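Each structure below appears as structure tokens.
Same chain, two partners: subunit A is paired with subunit B first, then with subunit C.
For the complex of A and B:
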């Protein structure tokens, strides 16, 4: 109940909201073997996303951060409705995405676009740059004539600086560098004039030297077209560079949420603190001391989620209470939310 | 006392499209310290590492140069001697992507025992006992020897791969992107493990990655590679606090920071050149903001500045 309230508070204090996720849940059932079946073992679930709430304001960059397996990509897939949620709702621009059908769903998918992590496998190797950009226009039936469509494709290429156009339009993805491919993927997501772009680790496969180029491009497109981003990442330093609001996920739950700069400079949750400790910085003095590792071990399997607070087996500040009761998600400071027993008393 | 001297090492790949100049005239001298070699993907880091182990796959070949370890020329040895005396005994390697570096059909204990049996002629049981100690050294439970790779998590597999590189107690361990594909917190754990090994067992690590932040956690000296060439080389303090080469400067300015003031990042326009047909003169000149007319024509000589060396026309007379 409390996270519901928390969600409402966020929505009231933030003004115009583009996307609102309420109580979203997705459990994937694990297939039972024959033996499990005859011994009447209960069905077990991978609790990928377990009742999360957040709101994304128009024009902001909302960062969803966490380690692999924490459910951030599942959340993105639920928002896109490429999988159906078990419970909860996704409200986009006032309409409940979970109830959309037919033409309406198609229109929604035009307004919400994705940029994937791996630009080597997210582009069709058999299509040229021009055809990759033309395909969404054909699918969504935008403009009638070829010359009109051509104009839109060229404009998108210019927008992401795949210029000179005549050099690039007939190339195939394998003839492009990693950065160019990712810019092409951004152009593809841009071409339908979306309201929201979901960027799932868009720079993690790229060299450090060109990451800034992609991030700057994303920011400039936001400023120009008022595009809203859901930026999914495990890298808190790029999150700080690009993000306005951040939510930290651990094992299917949001554990901390707030203004990016505030959360990253005053982290409240032990897990956020550990993630921040783990971020590397180029400083030659680092080599003389051990790196601080507050949290032990590795992320457990999302099948056997610990009782109480999900972090309790790894947390250095664990109390008796943490093993029994799940901590509520509270607003500890104005628009800085956290779920941790340490902060309740 | 580790003394590795590499002179004019040149490794080319003779492909059908042409000659890929992956490592071109690289010289350095490593003495009892740990190194970091940084550069973008495709700059020749991995090829350099494999050259030191003489593991270049065809159509690649070490064309010229010498690698001298403790007075012995490694390139002049025949394969059998190199295999018996150097590879894994003196120089070993932690390969990129631990997930694929282990054989899925053998328990990890046997994979770790193999070099002991081959090199020292231990019996299987003796070897397995030593493997248990090796696992303890990398903070793993010795009972894991009968487990298969798929039963271990990513961080544990990485520790096994590190144990494997250390099993013959080499002097030099080359670590090629040892933490890619690992989670952030596990990455810190692995970095701490490498640090402890470096301090306690006096192993010289050569860490190869594109991430200068990670190199600063381990390396005493840092080399920057660009398109098969060493462009700058110097002690960590100097390289991070006062980088000379424009490429090093841009690489450092491209790193997003979590702490301190939020600065606008710079990026290096364009992409690294095709190593079949690298640009004339300085290979970095098409992407360099300080390029002079001479950069396009002649390759810059190596200039020594204090302890560092840099290969750039801005610093040579």
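For the complex of A and C:
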């Protein structure tokens, strides 16, 4: 717990909200064919993110978990203003991100950094390690002289243990291993001293052996600089390893949210339970133990979202009500939110 | 430090490129041809005085050259040896004095072993005199020992207002005096009186005995002896020159306007390379910037830019080039500009599609999210990815630029101050070279255009194969 406290002390404002997402919605229209147009078919949408709310506190690791295609990455891109939301707001540090322009947007870009899933494609193959790390400093015009900038770059490289520096600074991304590349990507996100780092499945493309190393690095940086993380993953085992708060997403909605430990040990929503069951059990003695909850079938297409509870075609506990009414998102236990009819009755 | 490493990085990537490139024979051939073209260009610029090529369109400069003469190597392939056009400038000089009289002798010895008669001969001299006008005598000694006195005359008197008079004189084989002297010589030999109107001196002077209408050429050594008698010790014979008008000349012959085609062909090389490379480089640069902007910004701007591109794409280039050349001028730099205007559109299309592809890559999104401006993303992160393609397409654009310029020149719309291959072909067309069988006027410029085009096609194909790995699979 010591590192946790240390992190909070650095951030110096325990519990205050850094990022607040309110009613965020993004529907992507599907391109209509000519025939659809003349037959006056209604425009259909991919409901990638459908009115979600959550708050991220300063200094915490907020985990956004869910299957592929549930809208996690779209949420991240909405927060980053990489795409514009249809509705809702993202409040970062008191500023509404959706209204930022010019210099303010640039300042926001400096304070919020990203680590991508694929370290093989997120680094420009034509720039050396040194140039990749120099790029953010040039963009944000940080420090005037080359020697000052060089110092910052070297410090960032030391921070992520890309050492000895002289071995690495002139290498190109293709000369690095996957783990080294991801550490380079983290160094790049770190170099501007951000308040929030959005890490979109940062370890899912890496070998198991180096996942813990990257996660430990992220935690140690959080402790040192009070960085807040939005950690996006489909893998609950890494979520448990790193997360403070977790939100489970299903088809564009958050179905359960709470303290990570609590949610993962006492899951309330059938979908969360199913996800936890799907995590491989490391203990061989449990190999014959029957999984409690199984959800049936494939995730539906986000174009034809089922009425009522979105999980109803797959849920083993489905009731009549689930097919008609969308369950409200309630605080079932203190700071443990869930949206399920089973728990309302 | 960093710069040095960058340089090493660049060199090593160039070495990697070269290692890959040299596996393609076609590329090696292209490089070989390019080196030859560059050597030709450099030697043309160094060896042929710039004055000579500036005189290309000045007919007065070329009067000493033969008209539509074949290349001289043609004699190796034919039984009838055609006389070579000789421009002799280095006579054997002899000088003697007796009292105040000085005698200057310029003796030209020529081996005439050809099967047909020369066209004519011209003797030019430059003499400076102060005193009485000098006496000038030109005679010829035939291989059989006969000596013909061609002319004996007094030079014009010095104008009274000049201290010293420099006189530039020319004696043509068609001069009345020479014809009369030759007629006299001939009538002595055949015992008939000959009208000077019937005489073409070269057919007598270079003819076998007995003199008949179908007599052959007397082969052997002819000696032209020009003697000047001057009457002041300061008088000087400065230079002289003997031109024997032949039917073959130089390596590539001459055209109807007596121009040495070798000079035109050699000077055409740097001009063609300049036009080809500058048009290609400009067009590719413009096309790539346009394509990247269009592809990266996307949406409405892309739509507008691509429709403009389509309009230019669908314009018929040649009629527009003709209109431009007629209305705005034919200076070589303007021609480069015109060709660029029609050259960039295809490259812009390809660059746009590459930009569309590159902008979806994660590192572009990454750098955008760091806060890079659109221009920075385009210049630093998209452009370098397209650069290899640009280099290959520069090489591939050169031939079309050279061909377009040749086409314009062929239509008579080339830069009038420079010789280009297209213009040589234009003149050949104008004087009906094809109909008259003057092949040496048509083939060399045509071949040079083809070789230059081919050089860059070879290099371009090889570069494209190396730099665009997708091509290799096909």
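FYI, the second predicted complex is superposed on the first by the 319 of 345 C-alpha atoms of A that agree within 3 Å, B and C clash if a C-alpha of one lies under 4 Å from a C-alpha of the other, contacts with A are read in each partner's own complex, and residues count from 1 in each chain.
Going forward, contacts are C-beta pairs under 8 Å (C-beta built on N, C-alpha and C of every residue); 3 or more make two chains touch, one makes a residue touch a chain.
Keep in mind it's a predicted model, so treat the numbers as computed, not measured.
Enquirer: Return fit or clash for subunit B versus subunit C, each positioned on subunit A through the superposition.
Expert: The answer is fit.
Enquirer: Kindly classify A:298 by the partners it touches after superposition: subunit B alone (first), subunit C alone (second), both, or neither?
Expert: First partner only, subunit B.
Enquirer: Given the touch rule stated above, what does A:332 touch, subunit B (first), subunit C (second), both, or neither?
Expert: Neither subunit B nor subunit C is touched by A:332.
Enquirer: In the superposed arrangement, which partner chain does A:210 touch: subunit B (first), subunit C (second), both, or neither?
Expert: So A:210 only meets subunit B here.
Enquirer: Which angle, in steps of 10°, is spanned at subunit A by subunit B and subunit C when each chain is reduced to its C-alpha centre?
Expert: Value: 80 degrees, nearest 10.
Enquirer: Give one of first, second, both or neither to describe whether A:154 is in contact with subunit B, with subunit C, with both, or with none.
Expert: It touches nothing on subunit B or subunit C.
Enquirer: Which holds for A:136: it touches subunit B only (first), subunit C only (second), both, or neither?
Expert: second
Enquirer: When the two structures are laid over each other on chain A, which of subunit B and subunit C touches more residues of subunit A?
Expert: Between subunit B and subunit C, the winner on subunit A residue contacts is B.
Enquirer: Name the contact category of A:126: first (subunit B only), second (subunit C only), both, or neither.
Expert: In the superposition, A:126 contacts subunit C only.
Enquirer: Measuring by CA atoms in the overlay, how small does the subunit B-subunit C distance get, in Å?
Expert: 12
Enquirer: Could you list, by residue number, the parts of subunit B that touch subunit A in their complex?
Expert: Residues 34, 40-41, 153-155, 183-189, 191-192, 195-196, 210-220, 236-237, 239-241, 250-252, 254-259, 262, 265-269, 271-272 of subunit B touch subunit A in their complex.
Enquirer: Using the touch definition up top, name the residues of subunit C that touch subunit A in the complex.
Expert: 2, 5-6, 9, 361-363, 365-373, 376, 380-381, 384-385
Enquirer: For the complex, give me every residue of subunit A touching subunit B.
Expert: 67-68, 177-180, 207-213, 215-216, 234-238, 240-241, 261, 264, 274-284, 286-287, 290-293, 295, 298-299
Enquirer: Can you check the complex and tell me which residues of subunit A touch subunit C?
Expert: 80, 82, 105-106, 109-110, 113-114, 116, 118, 121-126, 128, 130, 135-136, 139-140, 170, 172, 185, 188, 192
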